[in-house]
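Some structures to go through are shown next.
Paired with chain B in one complex and with chain C in the other, chain A is shared by the two complexes that follow.
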Partner chain A sequence: MKTLTYIKKENLNTFLEKLNKNYDVFLPVQNKADGTINFESLDIVNDNNVINLKEKTRKSPKSLFFPPSENLFEFEYKKDIKKPDIMEIKLLESEKMIPDEINSRKKVIFGIKPCDTMAVKCLDLVFGEGEKKDPRYVMKRENTIIISIGCNNIFPDCFCTSVGGNPFYFDHSDLGLIDMGPNLVIFKSSERDDIRELLDKSHKFFEEREINSDEEIEIKKIISESEKKCSSNWESVNAEDIALDMERKFSEEEMWKNITRKCISCAACTYVCPACVCFNIGDEQTGMKGERYKCWDFCTNYYYTLEASGHNPREKIYQRYRNKINCKYNYFYKRNKNLYCVGCGRCIDVCPVGMDIREIVKHVRSLQK
Partner chain B sequence: MQQENSVEKKLKERIRDVFDDFELVIGYSQSKIPLKVNPLFIQRKEEIDDLIFNNLCINNLATYSYFLSNELKGKIGIVLKPCDTRSITQLISEELLNKDRVKSIVVGCAGILDYKKIVKEIGGLKIISADIKDEHIRIDTIDENFTLKAKNFYADKCYTCNIYDNPPYYDEFIENDSKLNIEPRKEYEDLDEFEKLSLEEINSFWDLQFSNCIRCYACRNICPLEVCRDKCIAQLDVPHWQSQKINAVEGKFFQLIRAFHLAGRCTECGECERVCPANIQLLKLMKKINKDVLKLFNYRPGFNLDEKPPLLTFKNVEKNIKEEELI
Partner chain C sequence: MEVIKNHLLPKIATIKKIIRETPNIISLQVALDDIEAMRNFIFEPGQVAQISVFGFGESTFVINSTPSNKDYLQFSVMKSGVNTTAIHNLSEGEKVGIRAPLGNWFPYKDMEGENILFIGGGIGLAPLRPLIFHILENKEKYMKLTLLYAAKSPDDFCFKYDIDEWEKSKDIQLIQTIDNACYGWDKEVGLCPNVLEKMYPSSQNTIAVICGPPIMIKYTLEVLKKLDFKDDNIYTTLERRMKCGIGKCGRCNIGEKFVCVDGPVFSLRELSNISESFI
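Entry: the complex of A and B
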């Protein structure tokens, strides 16, 4: 990095507002009434809430690509009284069939943390790559620019460095920024055309000059300090080793029972997880008309594996939690060499009974076999 | 981090004495997350060392009683606060729990700090470290440091509590030298404002609250009395009572079913509100219903082992319901 491109923080709000004219800008917004932070549209920012780029959001940004529930299509049954043995099914040409994103403007997600961008990669591998793609997802992804800000502050539940990331990991963001006191410095920029376009359009907000050696040292210092602090939250673990350990200790029923005793099998951890991808598809019908919808589902749920016969292969909580952990650290790793835990720590924060995914993995690994 | 206090020491000693009777004892242990504690399941005697008891122990461990007593064969001991014993009493009175199998080890309580209240006070900032000393909570966040007076941040139930040193039900009672020392409030005082609202206002209040519901079922699964978690009509496929969609209508539908399921059974431990990731004011609804049940049936859940909850039984004549006025 020879030159330093940066935006002054005092100009940030004007920049975002300008950006919002051409794009739909989503960013972490804090509700003043109860203090919760979530990704919201810049349009809703008013006196009751405030932009907060420092803290973690309560819910993950995955709902911007993978909404909690969405209608896929609507249908209608048609029956002719003269031909009672024939039932015709017709898809309805309703507006709901077309996702909002087709006609809408491009989205910018601003201020997303590096761990959450790793989770977007996890979603990509499931919905956006390979033979079977979800066209809605692909459309949303292509229409979205991800601007990430690295983490100068590490919280007690952060552990991205242990699962292959780091607080300034920008491989999956289009623009990576570092917070340097009064300025946000562009640390990494992708070669996508729309990023160039965005930067061109807002060039007057960005200043450029030669970098001096002090600044180079400061950037290095910020990065290394954050990394050091984050890795002190949990030892660095080799993904391959964890996957192997999970595999080997799968049938240690007693151990799994003991370490998951406190779990109450709710969905709080799954629904705030940025990388959990499970969904269910169902029909809702009133009279002869109905709709097919897709909505989030969670594997710690008893009904998740309940079969039509009444048999449930994962009847007990420990079996379901074991699946959850294996899914994140073993199955997906085997499938596409990518852990499905990004170390954001939301599940630890939100868990009603203090389940700590780090402790669980540590426990599984420490069992001698 | 807090230092070992006298009641903690007494509790450990007592549990060591009686431990051989039990297959498993449930208590609290230290958490790595500031101002939180973890449930602890003790199966070996040396694990008693990890046990703690302080004013952060907000979890109602009675939640585990029903499911564990079905899973295990031996006796189970549970460390409870006096208010938590109401849940155990209620479960026994509804014949969901065998009182010979589940033993309550009750610890006198000096008030419990409400994590959500504290987080709200510091503007939702994430706590990096915290320390409690001499009735003061010192909190560090990224940029700011706070010092809060503990007496303002006890759980709502503490302000109306009158059983903190005389639990209505127990098998073992460990007295706490420090006593609850806060200004008491009248029971259901917080409902006064709410009850003045018009029907439309009440409806729109709940519409807004329930529109945040993400249907994670944490409220249902943490509740000590909702033993139906794996047989819930909100998730049944056949018959298909309720859609699995996550939106305002379905959220309200689920929450109202839940509320009426607990009408006159809820022991107001507040766990549902504590665990809700969407910050829905669930306890307010339960309190309102319980207040009505108290007025109509003169019944307070969780105090009487022999009395059945009014909505699980019937009388030919109800003293406080004038049928002729209802028509």
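Entry: the complex of A and C
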């Protein structure tokens, strides 16, 4: 007989507060003043900020692993009095930062949506796997527990089912929960040691009993309804097909110009995208000391590919937008067998000129060739 | 927790010598401060390095000294942007940061037993230089070697010290051309593609290796095609704006290829499979 492990919603706040004693808990918090929801530390929840697990966050949680700006190392110029013409330089790898990360408490991201966990997989493939891993990313990732809640509410711009996910996709979560009215039910749990530890530590919040047939039916119903609603937002796309189609229609310059005419290359879409991974590297110096930092960058910007000679291989907006779409649906699929669009719909939500990535892809696909 | 190397952290190196090549190009000879690391430094012809001037930034340059040289690494830098200007302002004895070697290299083993036609334009000879040296050091494995070197004017030829040597050498045939005739110039006059067409090299058992500004590559490739060179037998090295050099930052992509890890050396066969233009 299957068992049902669940936590009562009325106990959720106490559970989270208890959790926050041993872990740094991050979760979707709504600012009452402007209504925006973003991932924030539980510590800031007070009268002006409330936890909101129902809606989508405005910004993606990627900054918890891949911060908008991060120092790579610090440098310091030094002058030797015996050799006044020569500046010596000392590099201090921001070693301070790494032990900080090791010694710091484990993080828990609570209430992340399944689409955002698919995006964490996208980040993993770039920063956390392969030969040249990013040490800071790997540490942050190992130090974080991902607790995901499936989506009972589907919004008009949601389309995870079209890009290989679904509203209850928990493959990249350490713990997957389903919202069943008064209770949050554990639907999937990973075998990680730290998950078991977390559950052991907070066992008194979780109740366990046999599942009855009504409940089994209800779970199935919640899942199938959400899936149905989400897939009605957009047709399902086969990754292989779409990559091929993108490739075939790459040189249709006129079509690309037409469908990207509205774009003003403001980069809001890449800013909120949970799967966009491009970054820039720069130096900042004050006096004799400085640091090299890495920060988010966006491929729809003119300066992104501008070379010192003045040559720019992607001079026009349509070329850059085409690169962005191909990056998500074609290039990364070829490189990693993974689409870099997870269907969260944030880019549709924030676009100031109303571009819809689904419409763009639909246009490309509908062109007869 | 396993310790993972920070691949974006450079090694400190000292500028041993600065050579002025042309009015706006200098060559730097730098040695890593870590003597052990310098002695064990291995690279292949065509590979690149990221040079940092701390406080200004980091840019990519091909290592153009010969791989057999263990004393220093040479880079040629044209003054054109923020970081290259900072490099030009350095003097001998000053420090830079180096991350190297990065990228792929010329498949010189596959070129054995063939004639090789090198085509360089201006500073575009830099990526070919380590390859030419390597091949000259192993001359017996290769057939006829030809170098077509084009520049705007006689002043714009880099590596004049090499040119003098190659002119005298029996192992390599050197053809130099400038864009417009000028007083005292007794060699070829004309743009690289036109001179190449006039040379009419045979494509039989010949591999062409070409590097130069984008516009030169574009038209020279057309001539090579006209001369019946196969895509597999044409190699070029490309450049893009780069940042990380390890295939993460996403900047240098041409289609699904990253110039920093899949390149900078590409055969025309590989490039013709990419939809996006590589010029």
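The definition used in the following text is that the second predicted complex is superposed on the first by the 350 of 369 C-alpha atoms of A that agree within 3 Å, B and C clash if a C-alpha of one lies under 4 Å from a C-alpha of the other, contacts with A are read in each partner's own complex, and residues count from 1 in each chain.
Note that a residue touches a chain if its C-beta (ideal position, glycine included) is under 8 Å from a C-beta of that chain, and two chains touch if they have at least 3 such contacts.
Everything numeric here is computed off the predicted structure, so don't read it as measured data.
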item	value
Fit or clash - chain C, chain B, common chain A	fit
Touched partner set for A:F127, first chain B, second chain C, both or neither	second
Chain B versus chain C as contact partner of A:R335, first or second or both or neither	second
Partner chain(s) touched by A:G181 [first = chain B, second = chain C, both, neither]	neither
First, second, both or neither for A:I89, with chain B first and chain C second	second
Partner chain in contact with A:E55 - chain B first, chain C second, else both or neither	first
First (chain B), second (chain C), both or neither touched by A:G282	both
Angular separation of chain B and chain C about chain A, which is computed from CA centres of the superposed model and rounded to the nearest 10 °	90
First, second, both or neither for A:V272, with chain B first and chain C second	first
Shortest span in Å between Cα atoms of chain B and of chain C, once chain A is used as the common reference	5
Intersection of chain A interface sets (partners chain B, chain C)	280, 282, 297, 306
List of chain A residues in touch with chain C within their complex	72-73, 75, 77, 83, 85-89, 91, 93, 102, 126-127, 132-135, 138-139, 142, 247, 250-251, 277-283, 285, 290, 292, 294, 297, 299, 304-309, 311, 313, 323, 326-327, 330-332, 334-335
Chain A contact footprint on chain B (complex, rising order)	31-34, 36-39, 41, 43, 59, 63-64, 68, 119-120, 122-126, 128-129, 142-143, 214-218, 220-222, 229-230, 235-237, 243-247, 271, 274-275, 277, 279
Chain C residues touching chain A - in the complex, by the definition given at the top	1, 3-10, 12, 52, 54-59, 80-84, 91, 93-95, 97, 213-214, 239-241, 243-244, 246-251, 253-256, 275-277, 279
Residues of chain A that touch chain B when the two form their complex	30-32, 34-37, 54-56, 58-59, 68-69, 153, 155-157, 258, 261-262, 264-268, 270-272, 280, 282, 284, 293, 295-298, 301-303, 306, 348-350, 352-354, 356
